[in-house]
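Beneath this line is the structure, given in structure tokens, with notes to follow.
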Amino acid sequence: MLNITQSIGGSLSSPMVLAFLLGIIATLIKSDLKFPEGMYLGLTIFLLFAIGLKGGHKLSHASISEFILPGISAIAVCIIIPIANFFLLTKLLGFSTVNAAAISAHVGSVSVVTFSQVSIMLEKSGIQYEGFMPAILAIMEVPAILVALFLAQNSLQVNKEERRDLLHELFTNKGIVLLIGGIIIGMLTGDDGYKQVEPLYDGMFKGILCLFLLEVGLVTGRRLFDLTKVGPKLLIYGITMPIVHAVIGIILAHVSGLSEGGAIVFATLCASASYIAAPAAVRIALPDANPTYYLTAALVIIFPFNLTIGISIYMKLAHLIYSVW
Amino acid sequence: MVKLVPLKMVTIIALDALQHKLIADIKNCGSKGYTVAEVEGEGIHSKHFTDWEGRNVRIETLVTEEIADKIMQTISEKYFDRYSIVAFVSTVEVLRKEKFA
Amino acid sequence: MLNITQSIGGSLSSPMVLAFLLGIIATLIKSDLKFPEGMYLGLTIFLLFAIGLKGGHKLSHASISEFILPGISAIAVCIIIPIANFFLLTKLLGFSTVNAAAISAHVGSVSVVTFSQVSIMLEKSGIQYEGFMPAILAIMEVPAILVALFLAQNSLQVNKEERRDLLHELFTNKGIVLLIGGIIIGMLTGDDGYKQVEPLYDGMFKGILCLFLLEVGLVTGRRLFDLTKVGPKLLIYGITMPIVHAVIGIILAHVSGLSEGGAIVFATLCASASYIAAPAAVRIALPDANPTYYLTAALVIIFPFNLTIGISIYMKLAHLIYSVW
Amino acid sequence: MLNITQSIGGSLSSPMVLAFLLGIIATLIKSDLKFPEGMYLGLTIFLLFAIGLKGGHKLSHASISEFILPGISAIAVCIIIPIANFFLLTKLLGFSTVNAAAISAHVGSVSVVTFSQVSIMLEKSGIQYEGFMPAILAIMEVPAILVALFLAQNSLQVNKEERRDLLHELFTNKGIVLLIGGIIIGMLTGDDGYKQVEPLYDGMFKGILCLFLLEVGLVTGRRLFDLTKVGPKLLIYGITMPIVHAVIGIILAHVSGLSEGGAIVFATLCASASYIAAPAAVRIALPDANPTYYLTAALVIIFPFNLTIGISIYMKLAHLIYSVW
Amino acid sequence: MVKLVPLKMVTIIALDALQHKLIADIKNCGSKGYTVAEVEGEGIHSKHFTDWEGRNVRIETLVTEEIADKIMQTISEKYFDRYSIVAFVSTVEVLRKEKFA
Amino acid sequence: MVKLVPLKMVTIIALDALQHKLIADIKNCGSKGYTVAEVEGEGIHSKHFTDWEGRNVRIETLVTEEIADKIMQTISEKYFDRYSIVAFVSTVEVLRKEKFA
């Protein structure tokens, strides 16, 4: 049923996935290919803003009332996932409090690139999804990080004033500002305004995502050998958890009244791990956490898994659940 | 002839996310100026070569010996135990000491 | 008649204006959103070159004879405006010679982004304007700066050799080179050549302008509190002067035989303040001038005023004058 | 027959050639126009990857069997050209071993931008060429450099271990990785995948190439005065050699069964000089070689010659040879 | 064993628009080389963090004490009163003094 | 009071293509960390201002005097005769010498 070889094969016809692999290979063969400093940041700004804009524009044509239940589900899942993961990681897998919290912050939050990839795959398959999903993406960026830091309370190396700073930083991080800012601009400008900027933000989106994934591949490749350091338990965790999260996501999506397409996107968000807000917050709030664990989990295991196999699995799982329920 | 007088240069290398806090600290200690450069690096704790790992900044401030001591004391107390940070003092010579004192 | 609320409302449906506001808000809430170093320069190069190219291509289809009178008017206005402003600023508003000269250099020169915005608004309103307006833009970049520096003669901190250097720098600054270079390339390549590069320089123009304005907003936001330092007189000056300049511009445009659309563009150029050539020249030639005054006037007051309300006012003023005259 | 004035005139209607000239002029008049650090690298990455992708996509529709003979010719020419040039430069032109080897490495390898320009010119003239030419470009990047370094064996300032490193660096340099990576991705993704990224990699290609050539012009301009240092013999060499190489290229192309369009591309590759792999390799392996010679030959003489006159000559030569043979 | 000999390092932090003039000056004073980095900074006169404010460069040149004095003298006369500029001298040790003298 | 102890800072300016080799060398000599900045420059041999000419890097490592000597020795043997490279040692003061020794 879940034909994994076929999924992998399918994803190998995606220029984005292939660009990601090229990046990894380039690092493995020790090529001098390196993106100029600033290009990663520039591409990130473009992608976040473009997702916001497109989402906002779709949202302006959607009815907001349908948004309330999925919105609540999104927040709920961002509280449940980090708590569950934190206990799993500390009690069962023997991670220290601070490392467990760091990993939970990452897996509880979401990945913008994984979101882009699932929307491209749905578009290709002709499956519709709710226009407000970028807003859900924005909602899911922060809460899990807060929950995870709360769980690490005692290990949290910040005093009261710094805690306030940290909260502030989380809610004003560039991911949030660009996504929500983009959504609002997309909603306010209307069709005429959107048409002016569409050739760049929509027309070029996939091409630029492809370039971005090449760079993500270069970074992932550099961290690939950390896999040997982290041991098999993190690997198994990183492949199992996304699927579990996706199933929770599909069920919650169904309960919230999302369409099958919406459920696939939501499941993918649940299964994805953050790489913008979470690493930045963890570096400041939990400087004792070992990046080898949280970066490897988020970037080297979960991200490629979702990109190549995960999303196809979630599409099939959603189809299964939506056809029997 | 120019008359050079000795002064202290404090150099701090740290995570770029700490930049604003560090600058506030050195201003509090009495520094009247500073210069910031973007750098990458590797130390005991971690690598700082990609945006995932967080890049570093190198902050330099030219100050009197007294202020230099104060800065070293402050940042050693506030950051040394908890963050990847390197700081050192060197002696340089300037022309117009008033500007920095 | 001049319905300002409506103007502001209208401009709030422009993605460019909204992106500018997002930039300001991001700074105000102290977000970590920051463009990578070099991106500002890269975007500036693109915009200047694109404006030149497009203008040059239009120019190749236009008759040059119509260009002479407006060209003379452009130079005239670039001599009158800085002189008038310099005396106003020193005699009436009590600014020092050097600060008055610095501000006059900025308001006498022109803003490329404001030019782009007015051309987008005219396009949207279906109003035509002369194809040689980008050439007028190029003409208006430098003279006012020269006049202003001449007025500050005694305060000018340059010796003879440095004066020559400065003149040279003014006439070879990147704004001039890219605009005029772009215009000439646009004229020489012809339709075939232009079609090859049109998808980037025309198709992406508004999207990239939007990104650029986001960055301008970030910079403006950082300087917003300087408004409290400069006192109300600069604020009132910065809102009144553009309108006065625009009226002068419309009248001169009419006299020079420009169409109503051309008059709107010309008026907007007169009303706009420089942010490429002027700050660079003033930093070198008048290092004693206080950036708090000239950057606040140009960037924090005049630019947003033109972007949100000004241009709409000038459109209505031009319509009024052109319908009665 | 070979109407050079007409060729130059024709190339002056190409926005790419004009942008290159603008860059040179900007440097000559000492403009402050400067691209931000990293932009050159970013544009190079885009161009290489885009050429690969487009080529790979075309390749997926081509029959590979036709590729074998031209592939062998490409390697052959990359062995013959550096050897012949090395002896010419040492024996006849009196260059030192190390400088001769450095120049041979450059003229033996190929230029990606010259390749782009010839493909644009053929497209404009409606002349078809084989889809696998980007693969030929990739093949021709490295071998000549190896041969040239081998010829400088004794002057080669590397020990055994470093030699291994150097070989490795040559075969994994970013040019190779992006070209071959792009080709493979272009082949694997199929029409659907390619269509997703085509708007960026095909639609924007010429516009971005234009921007890139502006920057190449800026660099060339800075080295223009080196022409006076290198003496007339390098100038004559740099103008004669490309034509000789092109003729060899056309003959080999004909023998290998390439179409006339393919022969023009192949001839242009033979005539072009490298500026990505070769300078990087020579800096490391032959640090005693004088950049004034090899950079001037490659960038200041051969590249502009090909861009403005060369390619037109090769088109006519190919037409001549293909019509009589 | 390596034998290190003392030499002077002159560091100048100034507006990037002054880069070419400053380099011409240090060459005139006898410097045989220099290294430039892009930096940002804040001092008494002004902030240099955006392109509107103008960015800074940090120019370093390794020279003999005599040339160092000459450079400090020259730039103090030409720029100190008029421009935002910071310059200082420090002592470093090198292996091949001939290269810089 | 803070107690500053002297330590050595080795600074190397070289072609960016040598970065990985130089870092391997300084690690081999016992350095526990380093900081890298992108710079441009001009020296006796060549200009390094464009990507064709190759840019430079500036590598700094804070080490004990013994390691500093070792680094200077190693790189002078391996690179000085053949590559455009500048290296110098300066004395700085740090708080936690253990971190670098």
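When the chains are written out, they are named A, B, C, D, E and F in that same order, and each has its own residue count from 1.
FYI, a residue touches a chain if its C-beta (ideal position, glycine included) is under 8 Å from a C-beta of that chain, and two chains touch if they have at least 3 such contacts.
All figures in this text were calculated on a predicted structure; none of them were measured in a lab.
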Which chains does chain B share as contact partners with chain E? F
If I average the CA coordinates per chain, which chain comes out farthest from chain E? A
Between chain C and chain D, two touching copies, which fits better, same or different residues at the interface, with half of the numbers shared as the threshold? different
Among the chains here, which has the CA centroid at the largest distance from chain F's centroid? C
Which of E-F and D-F has more C-beta contact pairs: E-F
Averaging over Cα atoms per chain, report the distance between chain C and chain E in Å. 36
Computed distance of Cα centres, chain C from chain A, in Å: 41
Chain C and chain F have mean C-alpha positions lying a whole-number Å distance apart equal to 47
Hunt down the residues of chain E that sit against at least two other chains at once, touch-wise. 17, 37-38, 90-91
Two-or-more-chain contact residues of chain C, please, as numbers and ranges. 32, 37-39, 41, 203-204, 280
One finds touching chains in the pairs A-B, A-C, A-D, B-E, B-F, C-D, C-E, D-F, E-F
Residues of chain A touching chain C in their complex? 37-39, 41-42, 45-46, 49, 53, 168-169, 172-174, 176-178, 181, 184-185, 188-190, 192-194, 196-201, 203-204, 280
Chain A-touching residues of chain C, taken from the complex the two chains share: 12-15, 18-19, 22, 25-26, 29-39, 120, 124, 203-204, 206-208, 210-211, 214
Show me the residue ranges of chain D that touch chain F in the complex, using the header's touch definition. 37, 40-41, 44, 157, 219, 222, 275, 279-280, 283-284, 287-288, 291, 295, 299
Touching residues (chain side chain B, partner chain A) in the complex: 15, 17-18, 38, 46, 49-55, 82-84
Chain E residues touching chain F in their complex are 1-2, 4, 7, 9, 23, 32-37, 62, 90-96, 99
